[in-house]
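For reference, chains read A, B, C and D in written order, and residue numbers begin at 1 within each chain.
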Amino acid sequence: MTTVADRLRPVTGHRLFWPALVLVVMIAANTVYRPGFLAVEVKNGHLYGTPVDILRLSAPLILVALGMTLVIATGGIDLSVGSLCAISGAIACLHISRAADPDSPSTVLTALALAFGAALVLGAWNGVLVAVIGIQPIIATLILMVAGRGIAQLVTEGQIITINSGPYRAIGLGHLLTLPLAVLIALAAALLVAAFTRRTALGLIVESVGGNAEASRLAGIRSRRIVFLVYVVSAACAALAGFMVTANVSSADGNAAGLWIELDAILAVVIGGTSLAGGRFSLGGTVLGALIIQTLTTTVYAMNISPQTSLLFKAVVVIAVCLVQAPAFRARFRRRRRGVEPGPAAPQREKEQVPA
Amino acid sequence: MGTGERPVLTMTGISKTFPGVRALHDVDFRLFPGEVHALMGENGAGKSTLIKVLTGVYGTDAGVVTLNGEQVSFSGPMQAAAAGVSTVYQEVNLCTNLSVAENVFIGREPRRLGAVRWGEMRRRARELLARLDLDLDVTAQLGTYSLAVQQMVAIARAIDVRARVLILDEPTSSLDAGEVAQLFRIMRQLRDEGIAILFVTHFLDQVYGIADRITVLRNGTLVGEYRTEELPQFSLVEKMIGQELDVLERLDEQQKRATVAPAGTDPLVDAVELGRRGAVAPFSLRIEAGEVVGLAGLLGSGRTEVARLLFGADRADHGQVRLDGGRSPLRTPVQAIEQGIGFCSENRRAEGIVPELSVRENMILAMQAARGWLRPVPRRRQDELVRRYVEALSIRPANPELPVRNLSGGNQQKVLLARWLITEPRLLILDEPTRGIDVGAKAEIQKLVVQLSDGGMAVLFISAELEEVLRLSHRVAVMRDREMVAQLTNDDSLDADRVMRTIASGTPREEVTR
Amino acid sequence: MSSTSSTVVRSWRPGLPRRHVPVLATLALLLVMYGIGVSQYRAFSNVQVVFNVFIDNGFVLVVAVGMTFVILTGGIDLSVGSVVAMTAMVSAALLRDGMPAALVLVIALLIGPTLGFLMGCAIHFFDIQPFIVTLAGMFFARGMCTFISGASISITDGFWTGMSQQRIGNPAGNFVSISVLIAFAVVLVAAYVLAYTRFGRNVYAVGGNAQSALLMGLPVARTRIAVYTISGLCSAIGGILLSFYTLSGAPLIAVGMELDVIAAVVIGGTVLTGGSGYVFGTVLGVLVLGVIQTLITFDGSLNSWWTKIVIGGLLFAFILLQRLIGIRFK
Amino acid sequence: GGMVACGNSDTGGGSGGDDKIVLGFSQVGAESGWRTANTTSIKEAAGEAGIELKFDDAQQKQENQIKAIRNFIQQKVDVIAFSPVVESGWDTVLKEAKDAKIPVILTDRAVDSADKSLYKTFLGSDFKKEGRLAGEWLVEQKKSASGPVNIVELQGTTGSAPANDRKEGFAGAIAANPNLKIIASQSGDFTRAGGKQVMEQFLKANPKIDVLFAHNDDMGLGALEAITAAGKVPGKDITIITVDAVKDGMQALADGKFNFIAECSPLLGPQLMDLVKKVKAGEEVPARIETEETTFTQEQAKEALPNRKY
């Protein structure tokens, strides 16, 4: 018995174990409720099924949450991502809708470049407010959160811009190798961010700035530059997500696109094990967190939970997720159990700690 | 001494395990009323843990604590304080956002009808601090004062309580001789009133100056309890480190540093009329390669400010720093590091460690910053460097992947030191590098400074311990009231007495040697 | 030692300006903004315009006071908007079912603090981040709103309509509502609690450094849990005031209010990491947002989206100036 | 007509010298294309009618609307009009308006005040009727259906008046035929993305869906994508009924992807301005005026599409 527990420890001790378990449990519950939940079939050469939907729909959230992870790791927060989604989507769709040939790749590429550029400028604006002027992140980005919706609606003139552009649509709905393109894009972005932070020293530097900004400064880190940078990255991620959200329905809605995605993104980051106080961050955890949130939403729809109770359901699940993850909660739980069976931890640990 | 009486406090069979570390194993400890009891041990021996277990910060795995013969198990410092156990924890644990007066009294403010009496509180705070010879603006935020002052405030807070047990975990590590004397006077007074005092320090002479009894811990286990007069200094050290090392001999063998200022046309660092309004008056200071310059002065005399200006941590509004005779602007830490300057801050918690990061990451941080984010230090190189310094500075536990927050205070200090040694700087500014470090390690660090300077590294050495400064420095710059009043060559004629006199007396500017 | 009283007075004085610079800067900017309004729009100088700002923001003020406690400890409470709505909703539903007003008041005032208490416990004992716990609280309370009723419920109860329509004013016709008086009472009590009680000072200590506060022997657990309970209570009072204000409970009311409230608190000079700030600043923060809103209505020429952009712009201008003044005086 | 914006926007001098009518209008927000068309209509109509418009956007918050009305009272506008964010909770502020002798007109959504003297009239659509019309059309279509007809419903934002009323109206109408069954009903928040996401799950959870009733065009348009992706033919395999008749919706109807739309016209402007003038002149007006609205089938849509304004 002890041996099994011991062998499992490296797994259960991993910081992604609990979020992953939660995800598995949620999927299992869905499958029990509706056995076809996990069914995936090939339709028109594409994979089709609820799991694929979840992956595809969580792609924008994953993107936004990736940027948010870095921002939060520096001890900040970015409330403007939802508005940035709307702005970038609106600019791209506006350009395409005005172009003579909405189907030509060059039109779409220019549109993407324009929108992406605008998002970078706005990200830089956030960065300047936080890193240079020193405004508290939540307020600095609140400005753009409020004004950004206005900008997005200004771009669309309050209407929903509907476009009919194959290449643009593909960002949200296209497939590559039977997989939704959106999933691949999110995956690529995640790998890119992971490579940039973990293959270079960027991750360490970000964590250090978030962990203790003054100590980092005295160790020779250009903290401001890093802080500035993460807001730009966050904006870039938000822009990509904005493209997906709008491409998904082939229309840009300045008001609804990316609405409240900032809360979901923050939730995803925190569920993934990154502390809002800054410091250590976990990209894998964030991705898992985003999947959990999307699965939760899909569950509400799939189980046909009434709109009246769906928020209650969400509240309960969020609390449950956080509780199983909280070490303090598990410690309490375990202590109660240890009375029955002796904890296997002690004897095993002893050997490795006594210094030779 | 009240040894005839019953102990006011006993701890028996205390064990405490942190994930991966057994901090305490079956430790016994007792404390009698009216005695000063020193708790000794190397860095990481478990002293602070024992104290935290006692006051309920940590739960125990096993063991019994009794207070006045009754078994107690505090759920936290609040309960402990209520039961008459007053504690100053290692590292200043106060709220820097509150005023000095509040830090002294919060939790037991004078009140009338439930309302805090601010005036009364300030008055009493002022009185209490005056007992410690401190004249502060008690309405100012605590954070505006230096660490040493904060430490004194923490002590003031602890001695005000009508406690039966007073616990002081390394209270003297950032104090200078005068402050220590003041503190000891009060400790004796309290002892004579029958209060039991538990005292942790790494200064052996302080132990022999005040303690009645000594308990020694090693690696989380109890070595023994001794009467001070029955335990000679060298056997105390042997018991602490568990080997028959002749550390003390080695300490003594260190000679007065040679006075030869290495010849060179241009000094390595040449600060010209460097100053910052409100912090330190303009001063000039040259440091040659391979030279150790000590900074002496009383608490708050501006030593830290000098160091920060040289490093660019604060921006100078007067004068400039020249390196290698050239005129390179030095305005930020980044530039300083590029020029080969390292700065080990005295305030390791606020300005030093990044608590969440591992020992390894903390160590390579400065090196990594200097290389830029695009060129990560290869993992193998990291491991090699980290292993070398963990060994050289005997950092314990020797697991580099532990979050540095879990290390004992002294070991954190060593990690910081390693961070700068790894960058192989040309000038290393050490602000209180030996604070909270045990005898053995301190000797190692001193040896290291000598070695490094022999190897051509310049060192600016700041320490509250004058002996240490004198032992290591080629020259000693003396600070008083935020002004550099003298630079003395450390030749045979220089001793602690003369430095103290320079600090105390008039304006011996003429003594300045260049 | 003979001149103790005089030293007390002296040492109080020099401490005053620097600590209060941010708040004073905010006050000055607020006055400037008001001045701009008066010079630009004719009716802006009516006393009633100022009174209206208070009438319209009384409940926000109360909620912001609760939020101030939470933020001072370094936490955050996202549930306030939903709790406000839930309180109004519960009151409306119970009144509709014919429960006597006094009983409804008691029940409504208990729900918020209870939820706050539970959230505080989760935050403290299980060490879950306040953001998440209160977000779940927000989902829960909002869910309860729609659960109680999908549509809004009017309140016709005599006590409620009385409280709502009672005007306390002068013969010239200017008036404030009872809610304003209640809000002021809450502000005064909160200011007193923060400045003059042990609990209040503990709030600052926990916000400054919770670990230190614990080692200093302060009741960190109690304080933490209490601030969320207080925030819940303030939200409940805010909810009652809102139900006076609108004489109804609506499931979708006060959506996004938490952000307004947080913004108000922060604009008022309270630092989000905790440990510094004043209730008076929060009052100013609420007024700033209220005056911005008033300015925009008086203008009356803005498009829907320009409204948002201008609100963002004014917010930015305000915070930038506040920050610059703060830096200058440091 | 050709009045350039010569007046300095500062005072709105209205009630001063010239007798241009000043109308204070508080809009819900700009949460949908429908709403924007509504705003545009009102602005244009005000310009044409020579009425000075003080426009306020409440950003979907009742509090903001109450504030705006109070400020209109302070500015002594001639008439106040607003589209209430929610039905209830207006008595206090409307009483203040009444005391200040400023007449109030409601547009688009009603209020539930017991005291009908607080406002002059209501101008707008009847959401319940829209739901009912949609339901009645369906009952008519399926009256020969022998087996059960499975309906899924995409609700608007939970708790909003149009969502509640359309649901109620629709449910009431289809009760006439026990074969018609709503097997799933979920909120799509009035957005295309919401409609699409919910529809995807409806399709997976329910193998046989015959009818979709969406509370607005946008959700219906989103659902279209989901239906297509599932390999079904919208308008054929699944009958789609929506409300609103915005341009994109009409296009879909004309293209045969939708089957029926109950119109909910945002073009209230001209009617509103007429009312304002009448009210200002002290004329009697009916207590309730419904916007001229109709319903569209696919054929009607093809005809109407070329001259739709929005």
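By our rule, contacts are C-beta pairs under 8 Å (C-beta built on N, C-alpha and C of every residue); 3 or more make two chains touch, one makes a residue touch a chain.
It should be emphasised that the depicted structure is a prediction, and the values quoted were computed from it without experimental measurement.
Listed by label, the chains touching chain A and chain B alike are C.
Centroid distances built from C-alpha atoms place B farthest away from chain D. Chain geometry summary: the mean Cα position of chain B and that of chain D are 71 Å apart. A straight line joining the Cα centres of chain A and chain C is 31 Å long. Averaging Cα coordinates per chain places chain B and chain C 44 Å apart. Across the assembly, chain B contributes no residue that touches 2 or more other chains. Counting partner chains per residue, chain C has residues 146, 150, 303-305, 307-308 touching two or more of them.
Contacts with at least two other chains are made by residues 29-30, 36, 39, 158 of chain D. Shown are all chain pairs that touch, namely A-B, A-C, A-D, B-C, C-D. Per the touch definition, chain A reaches chain B in the complex via residues 199-202, 204-205, 207-208, 211-212, 214-222, 279-280, 346, 349-350, 352-355. Residue ranges of chain D in contact with chain C, taken from their complex: 9-12, 24, 27, 29-30, 36, 39, 53-57, 59-64, 66-68, 70-72, 74-76, 86-92, 95, 112-114, 157-161, 163-164.
The part of chain B that touches chain C in the complex is made up of residues 57, 76-78, 80-82, 87, 89, 93-99, 102, 106-107, 109, 111, 114-116, 119, 122-123, 126-127, 137-140, 157.
Taken together, the chain C residues at the contact with chain D in this complex read 40-43, 46, 48-49, 52, 55-56, 60, 145-146, 150-156, 161, 164-165, 242, 245-256, 290, 293-294, 296-305, 307-308.
For chain C in complex with chain B, the touching residues are 1, 4-5, 7-8, 11-12, 14-15, 192, 195-198, 201-202, 204-205, 207-209, 211-219, 275-276.
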